[in-house]
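Listed after this line are the structures, all set down as structure tokens.
Next come two complexes, and both contain chain A; in the first it sits with chain B, in the second with chain C.
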Partner chain A sequence: MNWVGRRLPRSEDPPLLRGEGRYVPDIAIGARAVRFLRSPVAAGRILALRPPAEMPPGCLFVTGADMAGVQPIKPGLRRFNYRAVEQPVLPTERVHFVGQAIAAMVAPSAALAEDLLETCELDIAAEDPVVGFDAALTPGAPLVHPIAPGNVAVEGELRPEGFAETLAAAAHVVEFAFRSGRQSAMPLEGRGGVAEYDRATGRIRLSASAQMPHQLRTGIAQLLGMPEADLQVIAPDVGGGFGQKIALLPEYPVLVWLARKHRGRFAWVEDRNENLIASAHSRDQRHALRAGFDAEGRLLALEADILADVGAFSVFPTTCAVEPLMALAEYPGPYKVPAYAVRARGVLTHTCPMAPYRGVSRPVITFGIERLMDRAAAVLGLAPDEIRRRNLHDAFPARSATGMVLDEASYIEALDEAMRILDVPAFRARQEAARAEGRYLGLGLSVFNERTGYGTPAFAARSMDVVPGYEVVDIAMLPSGEVEARIGSSPHGQGLRTTLSQIIADRLGLDPGAIRIIHGDTDRTPYGWGSFASRSLVIGGGACQVAADRLADKLRRGAARLLQCEPSEVALRDGQAVAGAASMPIAELARLAHQRSELLSDAIGFNLAETGQYDPGGTFSNACHAAIVEVEAETGHVRVERYLVVEDAGRIINPMIADGQVQGGVAQGIANALFEEVIYAPDGTPLTGTLADYTPPTCAEIPEIEIHHLETISEATITGAKGLGEGGSIGAPAAIVNAISDALSPFGVDVAEFPATPPRIRALIRGRAPRA
Partner chain B sequence: MTEVRFTVNGTAQCVEVEPRLTLADMLREECGLTGTHLGCEHGVCGACTVLMDGLPVRSCLVFGVQAEGAEIRTVEGLAAADGTLNVLQRAFQAQHGLQCGFCTPGFLMLATWLLEQKEGVDEARLREVLASNLCRCTGYQNILAAVRVAAQEIRVWREG
Partner chain C sequence: MKPARFAHHAPRTLEEALALLATHGEEARVLAGGQSLVPTMAFRMARPAVLVDINRIAPLDHVTVAGGSLRIGALARHARFETQVVEGALGTLLARIAHHIAHPPLRLRGTFCGSLAHADPASEWCAAALALEARMVLARADGLREVAAEDWFQGVFSTALAPGEMLREVVLPLPAPSWRGGFAEFARRAGDFALAMAVVGLRLEGGLVGGARIALGGIGGQPVLAREAMALLEGQAPSSALLDEAAATAARHCDPQEDMHAPAEYRRELVAVMVKRALRQAVSA
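What follows is the complex of A and B.
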């Protein structure tokens, strides 16, 4: 029986469907409630900070001064002119963005804590804030942090010799400058944590809505100067993360500090306003591209100037360099770019800091290069698919302009397949007819690759002080024959318990129901990284496979001893160890291995435990997305009529779960393209502090997403799986906005900003008459 | 403190609450029914949807004291006493209508109400009603599919 490749229903679902999930807010009930006093101004000096004159019993007010000795958050990076900005857990001198936590109020209930915050005394001498690129980069602009001259926190540059000449010699030079609006990952469950002191052991248990429990533990122990062994971090059911919950933000060390100092149980549950203004943002970028093409439309040279607003601080452990440096390293994407010059800067402003959000910079760079391709196609008189076909890598392994190795993929095949499914001539006829009626339809393409499942070497190349990458899995068969696999990854909706059990089941010849995946608890799992960067199934899955193969080997040796044959003659299938005509239940073998070890120990030792490790170099998934939209010229409203994904993520472990990842990613990408934006007033006040302002889409806005799979099995991963967590959100902004631009081509306008909201579209076409 | 008497999933409750406590917090904190989730507390996401006297309400926008005498239904009341999933819950699992599961109780209660309407459900009505709630993980397609399949199974689906 092969479990890999099947649409196995998720073992995660039944408790969640019964309302029996345990999320942080559920664990928080009954704990002392913590609420944070947050800065109302973007920049200023704290003059006075005092609790209300009367504090009711059971209430506490904690400031940075109370937490003296606690280290500031200071993630490190050893290259790229990185300025190591420090973030005090609770500031005592200055505030740097609206929403920054300044003090914690503890009360028996959250409502009372909020009442008390109303009457705290907070006096801040406001200063001129730095908001937006222009303000930050103007010579002589105030500095967000004195350590970062010119407000540049990180800067990378590549400029091969002779680049200018190559560009100058090109037959056509095409330019494109654009802006991508600031986003929030906006998991439906915000962040939150419950820290509890255990009197018997003196340890603290922190339950946190987090993606990287082991890193949270290490990071908090370092900040507080406490024994790491005294801290247990648990990620219980987590209501989505999408990158936002990677970060070690100040609230968690405050909770652990409170639990240690006051020997109690303290809970903070982030509210939606806090999540939108003070959790973490992403993708506030401005890029300027110049590309030289030869007369046939082949790209000769690409130049990119990348600005990424990183907000006021650098987030642990990814640092504020994650967005600008990913854009720098990965701009050429799936295209052959013989000469590539780039400058990328991370710019500090008095706004909420940035953390990775599904796809990190790739939705932005894919937008850039895919809009550029369409512009070049127009200049050269080529069809959009044709110019792409002429530039896509078609021989593997290929080496990117920045030295990354692109493994076997299906860039051109995916494009061809999408074109075949779409029937472009029929669409063009329909588009033509619609235009005659004053209706504007457009078709947009987006071709991209997605670097996934990259281990330690890729992260080490970034020179981060904290280098993620590998995963370790401890697997053990119990005397009952059930299997426990303890993983370092930490899923939060990806269905990893199900998919990993499918991988292990096949290796051990067991039913997935006999396999438990244990995750999200630093006491019970090996040190590992977590779920981000489309890596868990590739790296955690690879480590599961290694561990399960070792265990299978042991089981075969044990069975061979009992069945009196060679280990190589033993097959594990359907719960049996089979050798020719002889067989025995694997569960019986497990019992004997533990309880009658005298029969087996010389062949297999004393238990059925093994460890698997996996640290791959990385692989690339790829896809072609295509969108058909209708733009209503009078209102600027965009309706997505059709959305097609042809994607290649290598071997698919569970097609149902894979499609769910793609659909969810595309929905977030469409949201990014059309609806969602974090907006600041010029004084640094966030204007989008509720979901009604941030406007995430509902099922009325998100179309059916049509998915077709290609399966290129590359050597780059041992399971053949390439990872696909982020692809949906990477491809959608480019496909949608290319479609809008195609629709509006009679108006001779070009969309260079996303989200492409109705007011922005109206501003583009207002006063313009469509060409006939 | 105010005394509130109501029923939840058929069980009589009597709790003492501050008048400002929301129905959501009352269910979660006073009744121990944490299946009802809070995604925004300002009436946009619908994660907190419960049925109150047969109608879906955003329990973050209703005060607990307003539930006096009301019949409340929550996600905990959907499965059989032994935990067996009902038709709708089974369809959510089979169609992969949930990922992180945080929005799920709200969608389940909204859809429970929809499926009980005697006029039945068609595609347009399905989208219109489910557009009340937000999901951040699934892209909605499989949530719509789950409710569609459940509606077909209990024969209230109308081809549009």
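What follows is the complex of A and C.
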């Protein structure tokens, strides 16, 4: 019985659907409530900060001055002119963005804490804020941090010799400059934590809605100068993270500090307004591209100038370089780019800091290069699919312009499959007929690859002080025959308990119901990197496979002893250890291994425990997305009529879960393309602090998403699986906006900004008559 | 996002409610469905010291036809209008509008009268009240008064309601059999506050338009009548060209606000499109 490849229902779901999940706010019940005083101005000097004259019993007011000795948050990066910006946990001198936490108020209830915050004395001498690229990069602009001249926090540049000549010699040079709007990852559950002092042990237990519990533990212990062993971090049920919950933001060290100092239990549950203005943002970028093509439409040279607004600080552990440098490294994507020149800068502004968000710059660079392909196709008179076909990598392994190894994939096959499913000639006929009625339909493509499951070697190349990558899994069979696998990954909605149990079940010949995956608790799991970067199924899953194979070897050795055969003759299947006609239940073997060890110990020792480690170099999944949209010319409204994904993520462990990942990603990508934008006033005030103003789409705006899988099994991973957590959001903005541009082609306009909102679309076509 | 402190009273009779409103005056707000009031309290944008919760006063939960009018009580929820509350074009129009108000869970709690009392500039019922010549019946401890819709709205979230008063009922005159209604709005997402909307009512008698009313919502501080466009239609045959001209006229004469969701120029374009659609719907009904 093979479990891998089956649409096994998620074992995670029943309690969640019954409302029996256990999230931070469930754990917070009964704790003292913490609310934060947040800066009302984008930049300024703190002149006075005092609690209300009368503090009721049980209330505390904590400022940065109280927390003297706590280290500032200061992630490091050793290359690219990185300026090591420091963020005080609570500032005592200056504020740097609206929403920055300045002080904590503790009260028996959140409502009382908010009452008290209203009567705190906060006097800030406001200064001119730096908001937006133009303000930040103007010579002589105020500096967000003196350590970063010109407000550039990080700058990377690659320019191969002879690049200018190569570009100049191209038959066609196509340019495209565009901007992507700032976004919030908008997890359904915001951040939050409960820190509790244990009087018996003196330890602190922090339950936090986090993606990287071990890193949170290490990072907080370092900031507070406390023994790491005195801190336990638990990630309970986590209602989505999408990257936002990687970051060690100031609220968590404040909670741990409070619990240690005041020996109590303190809870902060972020509200939506805080999440939208003071949790991390992303994607605020401006790119200018120039590409040289030969007469047949083959790309000869690509030049990219990338600006990424990184906000006011650099988040731990990924640093503020994560977005600009991801764009720098991966712009060529699935295309053969013989000459690539790039400059990428991370620009500091007085706005909320940036963190990884599902896709990390790749939605933006995919938008850039896919819009560029469509523009070039128009210049060269080629069909959009044809120009892509001429430029996609078709021999593997290939090496990208920045030296990455592209493993076996199906770039052209995925495109061909999408074109076949779409029936493009039929669409073009429909498009033409609709135009005659004043209706504007468009078809957009987006072809991309997605680097996933990359381990230490890939991260080490980034030169961050904290290098993620490997995963370790401790697996043990209990005397009952059930298996516990303790993982360093930290799933928060990905269904990893189900998929990992499928992988382990196959290796041990057990039912997935006999496998328990233990995660999200630093006391009970090996050190690991949590879940992000489409890595956990590949790396955590690979480590599970290694660990399970070792355990299987041990079981075979033990069974061979009892069945009086060679270990190689023993097969584990359907809960039995089988050797020819002889067999025994694996559970019985487990019982004997523990309780009658005298029978087995010389073959297997005294336990049924093994450790697996895995640290792959990385693998690229790939996809072709296609969108059909209708643009209503008189209002600028865009309706997504059809959305197609042809995805290749190697071996699919659980197709239902894979499809769910793709659907959710595409929904966020459509949100990115059409709906969501964090907007700041020129004075640095965020204007999108509620869900009436920051507008994620609802199910009414998201079409059914049609998913087809290809399965290219590359050697890059031991399970054959590639990651696919981010692809949906990477591909969608380009597909949607290419479709809009195709729809509006009779108007002779071109969309160079997303989200492509109705007012923006109207502004493009206002006063223009469609060509007949 | 926790509200400031407030006292909660839940009287069982209208008289008790009015007595509480008389006692607490400006400090008090009526709580019906709470779908607008409670979020604004959570943001501390509204800070009533006293909430007079009318949900236990059963007689306020009515939608009745009496004396040539549709009378809508203070507890009539939006969802009630999703099915035809009165026969004919008026019930059809109200049902069409009701489906555009927020989302089903909100429609089960939020009330028609609550929308009018809250007076959100983008409220569908507010624009409808103006188009349908609604009269507001205001009760206070010592009496009653009526205010016409045109005098009711006094800016953003601001009405003619005086301290101590409660909007007990909204009265919509039942239109003539020749009357038709139309509604169109543009919102980014299903259930969102509209960036622009038009509610239209007119009579079609002998092929000519009479008594046309066009209310615009979502474009400024309060719903407004497109009087120039209404005048243009009067006594005319509703040709496609005339409707387009009326729509353009409404757009030209309105004064749309600019915000981060829509520049004024864009809202003006939407007004033209929404008026055109609402008028076409009305004349083709």
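Things to note:
Here is the rule we use: the second predicted complex is superposed on the first by the 772 of 772 C-alpha atoms of A that agree within 3 Å, B and C clash if a C-alpha of one lies under 4 Å from a C-alpha of the other, contacts with A are read in each partner's own complex, and residues count from 1 in each chain.
To be clear about the criterion, a contact is a pair of C-beta atoms (placed from the backbone, for glycine too) under 8 Å apart; a residue touches a chain by one contact, two chains touch by 3 or more.
Every value quoted in this text rests on a predicted model; they were computed, and no experiment measured them.
Of the two partner chains, both chain B and chain C are touched by A:D271.
Once the two complexes are laid over each other on the shared chain, residue contacts for A:R343 go to neither chain B nor chain C. Of the two partner chains, chain B is the only one touched by A:I705; chain C is not. When the two structures are aligned on the shared chain, A:R642 is found in touch with neither chain B nor chain C.
In the overlay built on the shared chain, the residue A:H492 is in contact with chain B alone; chain C does not reach it.
Contact comparison for chain A: of chain B and chain C, B touches the greater number of residues. After overlaying the two complexes on the shared chain, residue contacts for A:T688 are found with chain C alone; chain B is out of touch.
Judged by the touch definition given at the top, the superposed model places A:P14 against chain B, while chain C stays out of reach.
When the two complexes are overlaid on their common chain A, residue A:H262 makes contact with neither chain B nor chain C. Look at A:A111: by the touch rule set out above, it reaches both chain B and chain C.
Chain A uses residues 111, 271-272, 690, 692, 698, 700 to touch chain B in one structure and chain C in the other. Across the complex, chain A is touched by residues 18, 20-21, 28-29, 33-42, 44-45, 47, 74-76, 78-79, 83, 85, 89, 92-94, 96, 98-105, 108, 127-128, 130-144 of chain B. Interface of chain A with chain B (complex): residues 9-10, 12-14, 16-23, 25-26, 29, 111, 186-189, 237-240, 242, 271-272, 492-495, 656-657, 659-660, 663-668, 690-692, 696, 698-700, 702, 704-705, 728. Those residues of chain C that touch chain A in the complex are listed here as 1-5, 43-44, 103, 186, 188-193, 195, 260-263, 265-266, 269-270, 273. By the touch criterion stated above, chain A contacts chain C in their complex at residues 109-111, 114-115, 118, 271-273, 634-637, 675, 679, 687-688, 690, 692-693, 695, 697-698, 700-701, 757-759, 762-763, 766.
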